[in-house]
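Look for chain A in each of the two complexes below; its partner is chain B in the first and chain C in the second.
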Partner chain A sequence: MSAVTAEVREAVVKKRRGHPSSHGEARFGFAMIGLSVLFVAVFTAIPIVASLGLSFFSWDVISTPEYVGLENYRRLFTDGPVLKSFGVTLGMALAIVVLQLTIGLGLAVLVNQRKLVWVRTLFRTAFYLPLLASTAAVSIFMGYLFDYKFGVVNYYLGLLGIPNVPWLTSGFGAAATIVLIAVWQQIGFTFVLFVASLMSVPTDVLEAAQIDGAGGLRTLFRIKIPLISPTILFAAVVALINAMQLFDQPYIMTKGGPGSATTTVTISMYQKGFQNLQFGYGSAIAIVLLAAILVITGLQFLAARKLVFYQ
Partner chain B sequence: MTESTGTLARIGRITGVAVLVIAAMIALGPLLWTVTTSLRTPAEAFSNPPQWFPLHPDFSNYSAVFDRIPIGRFFVNSVVVTGLIVVGQTITCTLSGYAFAMISFPGRSVVFGIFLATMMVPLQTIIIPVFVIIRYFGLSDSPLSLVVSALGSAFGTFLMRQYFMQMPRELGEAARIDGASHFQTFLMIYAKMAGPAIATLAILNFSGFWAEFYRPLIFLQSQDNFTLPLGLVGLQGNLGTGSISVVLAGVVLAILPSVVLFIFAQRYFIAGITAGASR
Partner chain C sequence: MTGIHPPGGSLARRTLLKAGAGGLGLAALADLAACSKDGGGSSKSLKMLYFGEQAQATQLQNRLQPQIAKLDATIKFEISAINGTDWNDFLAKVLTQIAAGTPPDIISVATEGLQLMASKELAIPLDDYVTKDLDALKEYFADIHPALVESMMYQGHLWELPDSFNAGNMFYSTELFQRAGVVPPSESWTLDDFETAATKIAKFKGINAFGWVVRLWGSWTSFMYANNANLLEEGKYDGGDWLWNKAYAGDAAAAGRKGGWKWGAPTANSDATVEALNYMIELTKKGLSPSPDVGGGGTLQGLFASNRIGMSIGGGFWAGGLTNAGMKNGSFDVTMFPKWKSQRHLFGAGGYAIFKSSKKKDLAWEVLKLLVKPETFDLVFPGNVTTPGRKSLVTAARYAKTGPKHWSVFYDTLTKHPDTAPIPAPPYYNALATALNQRTTQAISSGNAKAALDGLQSDLEKAAGAS
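Up next, the complex of A and B:
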């Protein structure tokens, strides 16, 4: 064996262990991550720190920022409308997540029972299509469909003898309607996730259950759901993070109204930050929203330690 | 199996199918109504009952929407912005995803850890500083602001890294021994095999940024710079109640590219959704 092959082998072994084999490799690594690091740093990492920093200042974008300590946070926790927007967001987000998970799971289980592949593809396409439209487009046509006087929904309810429902023109109605519209559009996300993970449940486990005489519902709750519980947790976390940022639909359909019934946190942040040019106060709202999201996500993972079954 | 459980099973199966069909009708109904109403004359667009099947389709709304608002302009803006982001992120994320998966360099795990941490932070909670930075670079009210601030992606990097991690290292080692440079090894061997992951990332980015409303609303002021979703919402405001069929024609035009892409690349859309779930 020559010295050269020994050297090469040594270099390969070194590389497998993850040690830099040369300065060249390290330099290459830095060059490769350079662009991503630059853009993620400038437009994500630094803004996270800056958002926290700005929340201690009073700033209208034009004049010099003025350090105000915790004043923005003190103001936030005594600002009735902004506090209410946190409550509105939390309520709507919870409703969206619960409906999105249960309906998505139910439909996934039903589709999963279909034996024909083309039937499964057909339903998957149907439930996925709303996801292809932008929330702006959805908000526009849903606004027409749920119109109080001329809307198609109230027209058909009228045929059944039900008087016009103030879908978007009453406080509770608007919040509930926006929840339904968000669920309608997002259902494809949880559905596709759950179908994929139900497919991965090993058939021998299901067969064993069948031989032991477990019925359909028993198999569902005792075997399928526990086995896909990591996916359910993932869906719950992602859906909640999204729902806590609910903005487009209420902004376009109701402008946060009637009154402040659908003014979510992101809408109050938009109003304070970009309409009233209170960048410091807007940042404080953003930081509290971020904290709320992190706390709720943490709670989800905590609950998951008891409920989620990892193989 | 007794006869009663057989009947029970059949009832269960029929109920299941019925629920699926009703759910599919609810999912598709609003979309179908949007398409068929965009084909009604402006005068009868808002009259009930709705026309579920356009017997006498009227395409005048589709020309009207070009006359009333600069929808062509919005379309071009959307194509340019979305296209540049898709291409740009494909490059940045493929490069960095490969480096994090295959190359060892000092500080790799720390930098990757920071990337993962930023994935947890929603865009809306950092939008104010991002807006300030955009302004600082003189990009406010420019469609380019949407592109530049979306060129890096921790999620995209993560997605590409996961894919490269599954590839055999021996191929690259062999190429290196044969005298290929680090970059040649990446470009000629690994990047070529990354097609499915690149397609997934590109599709995910296309559908996400094509539909985007929030950043355009905050970054753009003049109508000439609007992207489609922002322009459409403006259109709705301009026209009032008279002719919703024109607005809906615009809506259909905006959704169409995504639907066409979905027809041809359905599996990458699905892969995009499930990609995040596999830890």
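Up next, the complex of A and C:
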């Protein structure tokens, strides 16, 4: 025993002095962290800084960039269509987040009540599958499905005697359809989060509530939801950030129309930058969108101080 | 802590940073812009950009390589394809590629992008080259309608050698016409005839009499042209005599041709333009036409090929397109666009330009001449996927397999309707196309053409001012 103790002591001392193997471990660790830092720097931090810089220039890709100071920002705040795209984005994002959270939570609660593991697995897989599909492919497919005249959806509604619905050809219809498709595709993420979170609610707490006579709804609203509120906050933040960057579905299905009913900020940014060759202005829109997301997320965290329950 | 324990702050921040990814593309372009000035391919390659699929581009490259080797055995000819839903999409991608520091030596550009490219001095005028080789090119110009050449001029200079075009004619399903008891339309049919035929075809359940796509070429804009209206004031640049007097001396079709189309102040909310768009809204209200899609027209072609649409605006490219989509020769035909106030058609032309940054301009010019030779046309465009710019190539033999029966309409549009003009594609074409698409869908969904076109007028005035 004493020999072993001495060996352990020697190892600890060596480690404190900096054993060669621990140096190797440290180098490996730094290399791994370095890769992440490099990745974030190259693909996130530097582009943001470069975008910020570009937003002070007028640049059409072809000519030399011309410094214009805050002109792109001044223009943005007086540009009706672009400001409208912020409103459209906010409206659609709020609808997506609310639906995604409520439906996701509702489904998670229902599935969580199933005791059979295979049933849970089946539902988890089923709801998660749309998330794995390419958004572009889904959007093209949905565009055909919801086509006013030739779409399958209107065809079946027609069999029920319901007249054709302008899913994508009326302002409200297009926005609502895009919201529903985005929710359908993203709901798997929140659903899986909520299922896992609900499964880890301590059973002793639930049993205590049951003994005290709490019913299913009371247990849900007074025990489960408060206990998983950090997860709800996380899901809400991620969902909102994603929804504020909505691009693929409206761009592919409606090109931002009809009119500008589904022109989101990212579509405005793409149009100004890549189609109209106003890259400085496009960058300014990107920066303002980033700022808007930061502010909204900050507000979410502020609200969370009162609403989120940390154990 | 219960449930999943998301490290709230840090993860959220990381995700937040991703929000800036929208700026990534823009920023990356900024970094790469500095490289764009060098231009051209490497010293051993000649690069060409092509609108289409890479598989087709590679095939074309392999077919042309032996002929290019005769010009310079050390040069490797490389064709890069750029895929896009329409020319607007293609142009946006081309410009991104230029910004990324990889401009080509030769580019195929349609009417849509000509003035943008010329005004930004991305390409070079071909005047000197054409003048130098005029004797050799006389055969080419004699075979190309001057309207196509004029559409490739800007500010008095020639920027491209056109090799193809598509005018907005009217395709119709012979099967649906027969079922509806409608006599095939003559070339001189009118808008009333069109509506009468549409009404008869619309009686069939699940069939739309007339289908169209929201875009600049062959959209409601064809009705606008037939109503003697336009989105922009029409004019012509002075100049061009250097070409007309030599290459087209004595050609009546060249009379009055000048130095290219000059697109002036917006006229998008003029009475005649509003009337044209209102006509489309009325067609939709009467159930003669569905709400249109925005974009390239692939879906429309598919619906037409499956006999779910009776009539649609198409050019020579529809002959190959419909055949490729499975339509049998004889199941569709083409005629002139119906007469309204006039029977003026619109068209777009395609051709090749030399990039200003190219270091091999002389060789590029030789390749341009090769690309417009009669024997090259079918290498570049196999299967009637566009209308040949050379009249000698528009023959019965060409359309014997694909149809349509009245294939002669394609070129006759230029010769029988001399007022036919290119689509209005000013240097700010991209902004125009974006605004046109948005305002058209607004008009169709709201039913208010005037309000939408007032908006378009304002959009175009801003775009013209900014260009």
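Assume the second predicted complex is superposed on the first by the 270 of 311 C-alpha atoms of A that agree within 3 Å, B and C clash if a C-alpha of one lies under 4 Å from a C-alpha of the other, contacts with A are read in each partner's own complex, and residues count from 1 in each chain.
Assume a residue touches a chain if its C-beta (ideal position, glycine included) is under 8 Å from a C-beta of that chain, and two chains touch if they have at least 3 such contacts.
All values reported here derive from a predicted model rather than from experimental measurement.
Chemist: Let me test your reading of the model: by the given contact rule, A:F127 touches which partner, first (chain B), second (chain C), both or neither?
Modeler: The answer is first: A:F127 touches chain B but not chain C.
Chemist: Quick check on the superposed pair: does A:R74 touch chain B, chain C, both, or neither? Answer first, second, both or neither.
Modeler: neither
Chemist: Report the partner of chain A that touches more of its residues: chain B or chain C.
Modeler: Higher number of touched chain A residues: B.
Chemist: In the overlay, answer first, second, both or neither for which of chain B and chain C A:F189 touches.
Modeler: first
Chemist: After superposition on the shared chain, which partner residues are touched by A:I33: those of chain B (first), chain C (second), both, or neither?
Modeler: In the superposition, A:I33 contacts chain B only.
Chemist: According to the stated criteria, A:Y310 is in contact with first (chain B), second (chain C), both, or neither; which is it?
Modeler: In the superposition, A:Y310 contacts chain C only.
Chemist: Quick one: is A:D60 in contact with chain B, with chain C, with both, or with neither? Answer first, second, both or neither.
Modeler: In the superposition, A:D60 contacts chain C only.
Chemist: Look at A:G259 in the shared chain and tell me whether it touches chain B only, chain C only, both, or neither; answer first, second, both or neither.
Modeler: second
Chemist: If we overlay the two complexes on their shared chain A, which of chain B and chain C does A:P47 touch? Say first, second, both or neither.
Modeler: Both: A:P47 reaches chain B and chain C.
Chemist: On the A-aligned overlay, A:R222 touches which partner chain: chain B = first, chain C = second, or both, or neither?
Modeler: neither
Chemist: Once the complexes are superposed, what residues of chain A are shared between the chain B interface and the chain C interface?
Modeler: Overlap of chain B and chain C footprints on chain A: residues 40, 43-48, 50-51, 54, 61, 144, 150, 193, 196-197, 230-231, 234, 238, 241, 244-245, 247, 266, 269, 273-274, 279, 282-283, 286-287, 289-290, 293-294, 297.
Chemist: Under the definition above, what is the set of chain C residues touching chain A in their complex?
Modeler: By the definition above, chain C touches chain A via 1-6, 8, 11-12, 14-31, 33, 36, 88, 92, 95-96, 98-99, 120, 122, 208, 290-291, 294-295, 299, 303, 308, 428, 430-431, 433-434, 437-439, 441-442, 444-446, 452, 463, 466.
Chemist: If you look only at chain A, which of its residues touch chain B in the complex?
Modeler: 8, 12, 15-16, 18-21, 24-30, 32-48, 50-51, 54, 61, 103, 106-107, 110-111, 113-114, 122-145, 150, 152, 155, 184, 187-189, 192-193, 196-197, 216, 230-231, 234-235, 238, 241, 244-245, 247-248, 251-252, 266, 269-270, 273-274, 279, 282-283, 286-287, 289-290, 293-294, 297
Chemist: Within their complex, state which residues of chain B touch chain A.
Modeler: Touch list, chain B to chain A: 12-13, 16-17, 19-20, 23-24, 26-28, 30-31, 33-34, 37, 46-50, 91-93, 95-96, 98-100, 103-106, 108, 111, 114-115, 118, 120-133, 135, 148-154, 157, 169, 173, 177, 182-183, 186, 207, 210-214, 217-218, 228-230, 232-233, 236, 244, 247-248, 251, 254-255, 258-259, 262, 266, 269-270, 273-274, 276-277, 279.
Chemist: Can you name the residues of chain A that touch chain C in the complex?
Modeler: 40, 43-54, 59-63, 65, 144, 148-150, 166, 169-171, 193, 196-202, 227-228, 230-231, 233-234, 237-238, 241, 244-245, 247, 254-261, 263, 266, 269, 271, 273-279, 282-283, 286-287, 289-290, 293-294, 297, 301, 310-311
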